[in-house]
Amino acid sequence: MTTRGDGRALDQLREVRFTRSWLDHAEGSVLVEYGKTRVLIAASVTEGVPRWRRGSGLGWVTAEYAMLPRATHDRSDRESVKGRIGGRTHEISRLIGRSLRAVIDYQALGENTIVLDCDVLQADGGTRTAAITGAYVALCDAVAWLRQRNLLVAEPLTGSVQAVSVGIVAGTPMLDLAYSEDSTADTDMNVVMSGERYIEVQGTAEQQPFERSVMDDLLDLAAKGCAELDRLQQEALNR
Amino acid sequence: MTTRGDGRALDQLREVRFTRSWLDHAEGSVLVEYGKTRVLIAASVTEGVPRWRRGSGLGWVTAEYAMLPRATHDRSDRESVKGRIGGRTHEISRLIGRSLRAVIDYQALGENTIVLDCDVLQADGGTRTAAITGAYVALCDAVAWLRQRNLLVAEPLTGSVQAVSVGIVAGTPMLDLAYSEDSTADTDMNVVMSGERYIEVQGTAEQQPFERSVMDDLLDLAAKGCAELDRLQQEALNR
Amino acid sequence: MTTRGDGRALDQLREVRFTRSWLDHAEGSVLVEYGKTRVLIAASVTEGVPRWRRGSGLGWVTAEYAMLPRATHDRSDRESVKGRIGGRTHEISRLIGRSLRAVIDYQALGENTIVLDCDVLQADGGTRTAAITGAYVALCDAVAWLRQRNLLVAEPLTGSVQAVSVGIVAGTPMLDLAYSEDSTADTDMNVVMSGERYIEVQGTAEQQPFERSVMDDLLDLAAKGCAELDRLQQEALNR
Amino acid sequence: MTTRGDGRALDQLREVRFTRSWLDHAEGSVLVEYGKTRVLIAASVTEGVPRWRRGSGLGWVTAEYAMLPRATHDRSDRESVKGRIGGRTHEISRLIGRSLRAVIDYQALGENTIVLDCDVLQADGGTRTAAITGAYVALCDAVAWLRQRNLLVAEPLTGSVQAVSVGIVAGTPMLDLAYSEDSTADTDMNVVMSGERYIEVQGTAEQQPFERSVMDDLLDLAAKGCAELDRLQQEALNR
Amino acid sequence: MTTRGDGRALDQLREVRFTRSWLDHAEGSVLVEYGKTRVLIAASVTEGVPRWRRGSGLGWVTAEYAMLPRATHDRSDRESVKGRIGGRTHEISRLIGRSLRAVIDYQALGENTIVLDCDVLQADGGTRTAAITGAYVALCDAVAWLRQRNLLVAEPLTGSVQAVSVGIVAGTPMLDLAYSEDSTADTDMNVVMSGERYIEVQGTAEQQPFERSVMDDLLDLAAKGCAELDRLQQEALNR
Amino acid sequence: MTTRGDGRALDQLREVRFTRSWLDHAEGSVLVEYGKTRVLIAASVTEGVPRWRRGSGLGWVTAEYAMLPRATHDRSDRESVKGRIGGRTHEISRLIGRSLRAVIDYQALGENTIVLDCDVLQADGGTRTAAITGAYVALCDAVAWLRQRNLLVAEPLTGSVQAVSVGIVAGTPMLDLAYSEDSTADTDMNVVMSGERYIEVQGTAEQQPFERSVMDDLLDLAAKGCAELDRLQQEALNR
């Protein structure tokens, strides 16, 4: 098997699009699409930092991830109505925040906070990786907003951030899984990179424990995908 | 004064746009815009009705309204994070549901449920009225989806639904208030109509109690706006 | 049909009673009755205002509405036990607060807060309108308490407040609906007035959208009822 | 010292009043007063029992205790607004339920449930003891309601229930403490009796641990008070 | 019957053990065992007191009680997962805190707070009494910790604290009930003592109201048990 | 640097101990220690499965992780008191459940559920890895309990499970990080293995993104640690 359900090559990303400034009020905003997966990201800048960080001279970056009830095939209940945030939501919010903070120099940011709201408008697999890749673009725009107003101490971005999922589907390693692929994967890995280096690797055996060689193959595939995403981000930021 | 900050006539709507089928999974969906106010509506159809209604042969229509944290000028906290839904959110959800149910024949709908999720992506005044007007379009599409699958008992829609805000700003009655107008209005009224008849009228004195003549003027203005919205809905539904 | 189930004329209020100083601790308190509907109102005065208003020199008035579990025909669960306040409760609390604030001069009140707790001891229709009408009386007593202690900047009350429900029952407009009438009404309107002017109008089509002429009839009927309530409030306040 | 602040003898109850049928909808209801302490009790009968008891042939009795926000000298926040019930509220609800269940023959009650809602309208010490004593009266009326409809298996009440507080104030044992006494007591005891026998005894050293002789004195005083309350309950039930 | 299921005499405690310093981080800690009942107590010292007590010069002692989900025969749901603390948990936490505060001189403690976390690792009856008796030992160690650092104003402990359950099982008074005894008791009493004086007495008729003589017998039995526990505490503290 | 603060070699585990049957009621239980980190695990067996799985013939295994408030150096608030479970707790509970499910044959387990409660009594780094390694032992005992009662369809365990943390501390790769090491690590990885194969890999750049070679070194170190843990588990299970 050399192609997939949607005609892609095994090591091919879905069509990736970044629409910058999708919102009028946010200091940075992007509508990012990985095929049918569509995530709206708003970067909100506020002066000051959370209480536990005040007076340190250091900035802060954090993220919140959520899904609209009908982003998925079947409608799911709102977390605001249930009155509590699910474990998956918490976990992904933490991952996104951690990933972006890996390329931030807090001293250079000064006592400013950037909140990245990642709201999934439509889900077709890879929502967390699309959110991270898009959040980097929105973060760049928010940093530019601060720069224009002379609110930065120095240049806070120390690198770029990309993320992609990889997995073993029907025995074959594949890049950037769509929902139909992800739901039948044996092994599934989310990789967050900054150029050629790693920020976060999360691999999970969905069926059987996997060999070291499988991990090596998946890491290679992810590196290829992240390099391509890096190029697309730069393109979008240069428009 | 004959025109407004954005150049509109006193009795002129903002530019209204309906983008149908904005989502791939939902049975009906619309991105509705009243100027910069942008609301994404997903109509989800499920077979069956809530427990208290089972076996009655009657269908059900309900709505949920919410706002993304950065829909507004300043970021607000997520209700899912706060763990409780605010009073304003509840009130608007109830209003939208009630408004759409006014044109539904439950018997004809059969034991099917339609949930209308109205998520405000960007807010610039009139979010609840845009949500109602858009929800009618999404509802029509969801009903068409049921019709194509022969899941209806009869034709469930008994009329159309439009909504618009009107108010007295700086002593002058105006149609379809933008945020900057709404926040300085003396009196503010949301009117939900079905063609020439009324579904809901909510008028509030923001500053001083108002005279009966003021209410009459505002009702006239709203009727004009709703007639125009009715025409635009039909246009969108015929595309 | 010229009379109703309980023998009233179509434009006749139920027996309305105000028992002032029903509580020993509150700065103002009233047990208000609209027939069998019985609402206990406590006006609590505290020096100072909520944080977001401090240092402004302006006072604040707010309200909370709640129902005892066995106020109704069947017992309902306590909201404190359920751990969340229902949408209806929120909506009515907001309506009561807004209605009373319409006759308050915040500057004259000075940095004082008055909380109006409206607890429905028994419900037979019109609980929100009875709460508003009674809250005005309790508010007057709380203001008198402040006046006696020289804690006011000037006279804060700029008018009176009355509220009544009206509706179309079996095709006929009626004043001050009891529960049995309200539950079968075609159209139902709550009107809050300050003498002859309007503070809030909330009209809802429970069955069919209604004509403009219906709204006009209902507004006339409500005005008549509020005038009578205004007279009864003055009588109670003069005792 | 032989009398108290309010002129009572050390072993004298405050004026105790029972107003039966204070509510129109409840199967049993009483407004009970111990001086200024005023508790409204509604006994609600429903056919059937909670799930864990179904099919056992046994009935159930339970209670919920709550306080209006302005029952006390200073307004306290609503537990429904706080979103959780405080420890004190839980504890008293459990005490009331346990106390009444001590005189119920579940078999005789059949699979019926009686919920006793005890809402404190005004608090001046002894709210839990007033609630228990009043709840017995409301329970009798609810049982009578069941009896009239032939819904009982046999006679479910196996005794009466009374409760009173006693304490050491300024070194002296006193019966039925008012708030001003209770807040300065060294030792404080709530005693629930069924005629001459004990259902519950809860004694607490508020300042210093106390001697066995103190406990004996307080138990004697409580027995005297409960005997008087038993007489007053019978009087009220015979009216 | 002169012995019980587990071979104990009627007035005999289960084997009681105190393992001090079970934890490395806490300022005081004890694993207390009453037979199979096993409670881990951590005493945490923090400088300062809750906001409502600041600047008073007085210290504070409080307690929290909880049970691991599989402490009991059948697993129970976590209160953290349910999102609310049950009434029983609240009530016992309050009892433990109150009991320990009865032997604390707040002035001598200075503005320090000691929190006693009592976590039941295994439950076999008497968890609250074991918690209180063990908490006293942990409290002594936490006070010693403060003393060594010269953080006390004076000696804050004014006495010792012991607790034990007593009850009427199969018509016979028994000391220190195990779960199998407690669950079939007619009357059940928890007694908290400070040497020969009483801090708290909570007696409950589980089946039938009980006579005064029963209470006297149970109090005698409890006094005997507490004297023995006092001796065992001293022994443990002297090791 | 060839040894660490506590004298261990870079590739040396802390002292690991398994105390089986630490609890009397649970079907399987272990107190697992990685040095000062101490986690109590209770495996609870119940017949039947959650509703969404009924009738499938398949079993279920799930886990809950929690920490006692004074497990850590400073006391933290209880999640039951805060009313919500934190993101970290959710994430670890999900990880433990997923890890154990990777070696379960649901068909062989039959419609039985095993819940693994992992309560951290004392924390000194590596609580999640100790929990997973210990949970495998408790799971084996729970499976043995089912086997003895002939409640299994076939043998449900398809492999063993071990977990250990590895990281780069002061530029050097180290095995099984204690808290003091973990809090200063540049890169930190949790590895869950089943013998020589991988169940889950979670690597995070705490400071700088890391090279592929760093990941390879850490994976080697983790494999060595897991092999040793596998041996220690077998030893404990054979006792």
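Think of it as A, B, C, D, E and F in the order they're written, each chain with its own count starting at 1.
Here is the rule we go by: a residue touches a chain if its C-beta (ideal position, glycine included) is under 8 Å from a C-beta of that chain, and two chains touch if they have at least 3 such contacts.
Since we're looking at a predicted model, the values are computed, not measured.
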Item to complete: Would you indicate which option in C-D, B-C or D-E repeats the interface seen between E-F, with over half of the contact pairs matching by residue number?
Response: C-D
Worksheet item: Is the contact between copies chain D and chain E built from the same residues on both sides or from different ones, judged by whether over half of the numbers are shared?
Response: same
Response to the item:
Cα centroid separation, chain A vs chain E, in Å, comes to 51
Worksheet item: What whole-Å value do you get for the distance between chain A and chain F if each is reduced to the mean of its CA atoms?
Response: 28
Worksheet item: When the centre of a chain is set as the mean of its C-alpha atoms, what distance in Å lies between chain C and chain F?
Response: 59
Item to complete: Would you please write down the residue numbers of chain D that are in contact with two or more other chains?
Response: 83-85
Worksheet item: With chains as vertices joined when they touch, what's the shape: line, ring, star, complete or other?
Response: ring
Worksheet item: From chain D, moving on to its ring neighbour chain E, which chains come in turn until the ring closes?
Response: D, E, F, A, B, C
Practice prompt. Note which residues of chain F are touching chain E in the complex, please.
Written response: 23-26, 29, 36, 40, 42, 44, 46, 64, 66, 68-73, 75, 78-81, 83-85, 89, 115, 117, 119, 121-122, 124
Worksheet entry | chain D-touching residues of chain E, taken from the complex the two chains share | 84-88, 90-91, 93-94, 98, 102-103, 159, 193-195, 197-205, 208-212, 214-215, 219
